[in-house]
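Would you mind keeping the following structure in view while I ask a few things?
Chain naming follows the written order as A, B and C, and within any one chain the residues start at number 1.
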Amino acid sequence: MTLALQVTAVVALLYFAVLNAIYLVFTGIAWRGVTHHLRARAYAGENEAFASPLTPPISILLPAYNEATGIVESIRSLLTLRYPEIEIVVVNDGSTDGTMGSLVEAFDLVRIRKALREAVPTKPVRAAYVSRRHPELLVLDKENGGKADALNTGLSAAQYPYVCAIDADAILEEDALMRVAKPMLDDPSLVAATGGIVRIANGCRVDHGRVVEVGLPRSPLATLQVVEYFRAFLVGRMGWSSLRSLLIISGAFGLFRRSLVEAVGGWRTETVGEDIELVVRLHRYLRDRGEEYRIDFVPDPVCWTEVPEDLRTLGRQRRRWQRGLGETVWRHRGVFLRPRYGVIGFFGFPYFVIFELFGPLIQIVGPPVTIYAYATGRLSLPFLIGFLVVSLLLGVLLSVAALALEEFSFRRHPSTRDVVRLLVFSVAENIGYRQLNDVWRLLAFVDLARRRRTWGAQQRRGIGARNSASSG
Amino acid sequence: MQQLFAWSSVALGGGSVTFVGLLVFRRIRLYRLEVERQEAERRLEPLALALVNGEEIEAVDARDAGVLAGLLSRYARQVTGDSSSALAGYFERSGGVEREVAALGDRRAWRRAAAAYLLGDMGSEWAVGALRDALCDGSRDVRTAAARSLGRLRASAAAEELVGVFVTAEVAHGVAGQALLGLGSAALPALRGLTGSDDPRLREAAVELLGLLGEAADSPLLVARLRDSAAEVRASAARALGRLAAEDAAAAVRAALDDRIPFVRAAAARALGEIGGRDAAPALLALARSDHYDAAQAAARALVRVDPTLLAAAGHEGFGPHVSEAVDRAAIRS
Amino acid sequence: MPEDRPLVLVADDDDDIRSLVIFRLERSGYRTVVARDGDEALAVALERRPDLAVLDVMMPKLDGYEVTRRLRREDATRAMPVILLTARVQDADVARGFESGADDYIRKPFSPQELCARVQAILGRR
């Protein structure tokens, strides 16, 4: 018993030390990356790119399932993007709530016959529509098949060399597409995919498809997520991207070279983590072929999205994410520690396996084991308290550092009260919220064992609903 | 152990507090600076606008000069013509150009890049020499900014170098291309020469830009490229001829509809849509029924322009999904 | 008797553009009225009935094309000359501008002098 306890203790301590060391290093890397990016923005030449006939056109893919409340607003934001030429391919994935109806009405849709590539098999398309007022808007009505299937359908109809997959309730900033596309414009033969940053729209005022005022959500749960997203996106993704090991491009906002997505067979429908799965598959495909490439994270272009404000939906979302991670890791286990996959094989992928996939296990087992050790007299109280205090402070430091990074660079939160609130929540995040996340992620293993396939119900309040009255 | 924990706690706690402190101070400082700057800009705006308008203005003190320069750089980005010249004159007289040209030698890459970019906004030809040198800078950002500015300045002298960097990855691709377009006809001789290069990438790049900058007289040169050994060059040539709407090349582009490579056929189809001419209609219709998606789509769309009646008739007879789609889309537009 | 200097509507969400255009127009003897987005532009046009409108295309709420189209639909403003002043410079954009009913299309970056000359030309014809 003692040996088992000691081993567990050592493993836990080691895990703790390594993980936090990685976090701290990443914070440093991310600072450098963001600073460089911001400076480069001054001479990036976006105006010129916007005016250039050489800038390649982009097909935006918008899979939608029961998005009647927010989809019109979302599409409006896309129609006014500052990008020379785009088409918007909305895929209605068998919605049952009148999504199709609101689209037909809002955009004056007319039915057409549409030729499809069908390189990747999908559920059948029932009808296709084009907007009379906005000829760049194409809507495909199909049988329900899930997000990946809807994306593949969009891929099938897309005409341009680049596809941008976004969520139906996402609101893009005017320059978002230009910024996320910039790496590809600069190095078309090198950059295979880019991802943008996702920020939380709960609490922001949205008007005519634009976020006109940034605010913090009233819901404490959503505010906790704001702090969390700073760490996950600004520090996490930026760090990985700098190390050339970006394995996640958010399904909410990602840009890909269409030919590559087709070459690897589109998005996988058998997994709920189709966004991570695609990126990992792209890495493998390109590395297997020995091609030089880059997959970048751009910290600047912003996609605003709604996050769950109740525990139930949030829990479901986190379990789904963890399930997706597990499915992807299992499917691509051949990457683990293979020299051919370079930094991804030796660092990126193992990190995800150890710290993201199995991490919750260790993090959950930690406290009970510690308490048991203390209760049986093997651990002294001062030691216990000391350890707790240090781990708490570390967590706080990392959250505060991420917040500071945001404040030092993008400064999206003009109100000082908001910043103070964020600081408070940065501390609070470490007391309870993270632990709750671990519980959810552990439950995901149960789900995986039971082979859950569905996405679960989503409660959509809709970004337009609670905000500006005028939506016409 | 205790000691370790105690010290760690102090360090971590101290670290967090430091961040918070920095955050607070920086916020306050930036807020104050912003307020000052806005107030200064408000005061100086009439002066700046007068200058853009070509009027003389009295000198300003050193602090205001900085704000004024910032304001004028912003305006410079929006204007061309006489206003640009007026601004360039001001920047030259006030030493702004000199300062930025000197900054091209700064040891920090971001400062050099910022200087290279600003010089493009300032609009003064004095900077051209230094910018051409900056095309060889060690940092890609600097090279890119220099290329962009040379395009903004319409520096014809730099045409060959810019064409050179357009093909290699030394400068961001999109920026180099757009800079060349900025040079306009000054780049044409270099581009024409490059169509005969050994490197297919160079040929392709040259052909693409000729399509955007070229004149009707360049048509024979491009037609020759329709028979290039590299497929990318052939496709690029077809695109270029479409952009030039070169009617005399119609027959040659029609021939390209039979190319072995699908994307060349697609490019040729698209070009015929822009060139026009009923003669192409039967070949386009045949292509629209073919199995390759991009080529068939391009052909169907081209038919809308080239021969809408034939297209409508084909739509009734079930000539395939691409024809049907093109017919439906055309119906919406009318 | 109030002077008959022509009134020009300037609509753009960019402060700098507004300043530049207004300054130039007023120096040339025109009166100006301002709008910061498409909705405001339409409202002001219908209310103040300017003699000419200089519109940006990429404005919030309603874009320049749509504003032009609506102006053309109203009797009161059907004949109002519209110049689109915009960063949308591709040929397709220009075509779209004219299809919406604009009388002229100026690309950004622009020459304030040229803008003024075109305004004068259009207003001189009336």
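Basically, a contact is a pair of C-beta atoms (placed from the backbone, for glycine too) under 8 Å apart; a residue touches a chain by one contact, two chains touch by 3 or more.
Note that this is a predicted model, so its numbers are computed, not measured.
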- Message: As a test of whether you follow the contact definition, which chain pair has the most C-beta contact pairs?
- Response: A-B
- By CA centroid distance, what chain is farthest from subunit C? A
- Cα centroid separation, subunit A vs subunit C, in Å, comes to 41
- Query: Using the average of all C-alpha atoms in each chain as its centre, how far is it in Å between subunit B and subunit C?
  - Reply: 27
- Note on the structure: Going by residue number, subunit A touches two or more other chains at 47, 51, 53
- Of all residues in subunit B, which are in touch with two or more distinct other chains? 77
- Message: Two or more other chains touching the same residue: where does that happen in subunit C?
- Response: none
- Spell out the part of subunit B that touches subunit C in their complex, as residue ranges. 45, 49-50, 52-53, 74-75, 77-84
- Task: Give every residue of subunit A touching subunit C within the complex, in rising order.
- Result: 47, 50-51, 53, 80, 82, 84-85, 174, 207-208, 210
- Note which residues of subunit B are touching subunit A in the complex, please. 1-2, 4-6, 8-9, 12-13, 15-16, 19-20, 22-23, 26-27, 30, 77, 110, 113-114, 116-117, 141, 144-145, 148, 151, 169, 172-175, 177-179, 181, 208, 212, 293, 296-297, 300, 320-322, 324-325, 328-329, 332-333
- Message: Touching residues of subunit C toward subunit A in the complex: what are they?
- Response: 58, 60-61, 63, 87-90, 92, 107
- Query: Okay, in this complex, where on subunit C does subunit B touch?
  - Reply: 14, 16-17, 19-20, 23-24, 27, 108-114
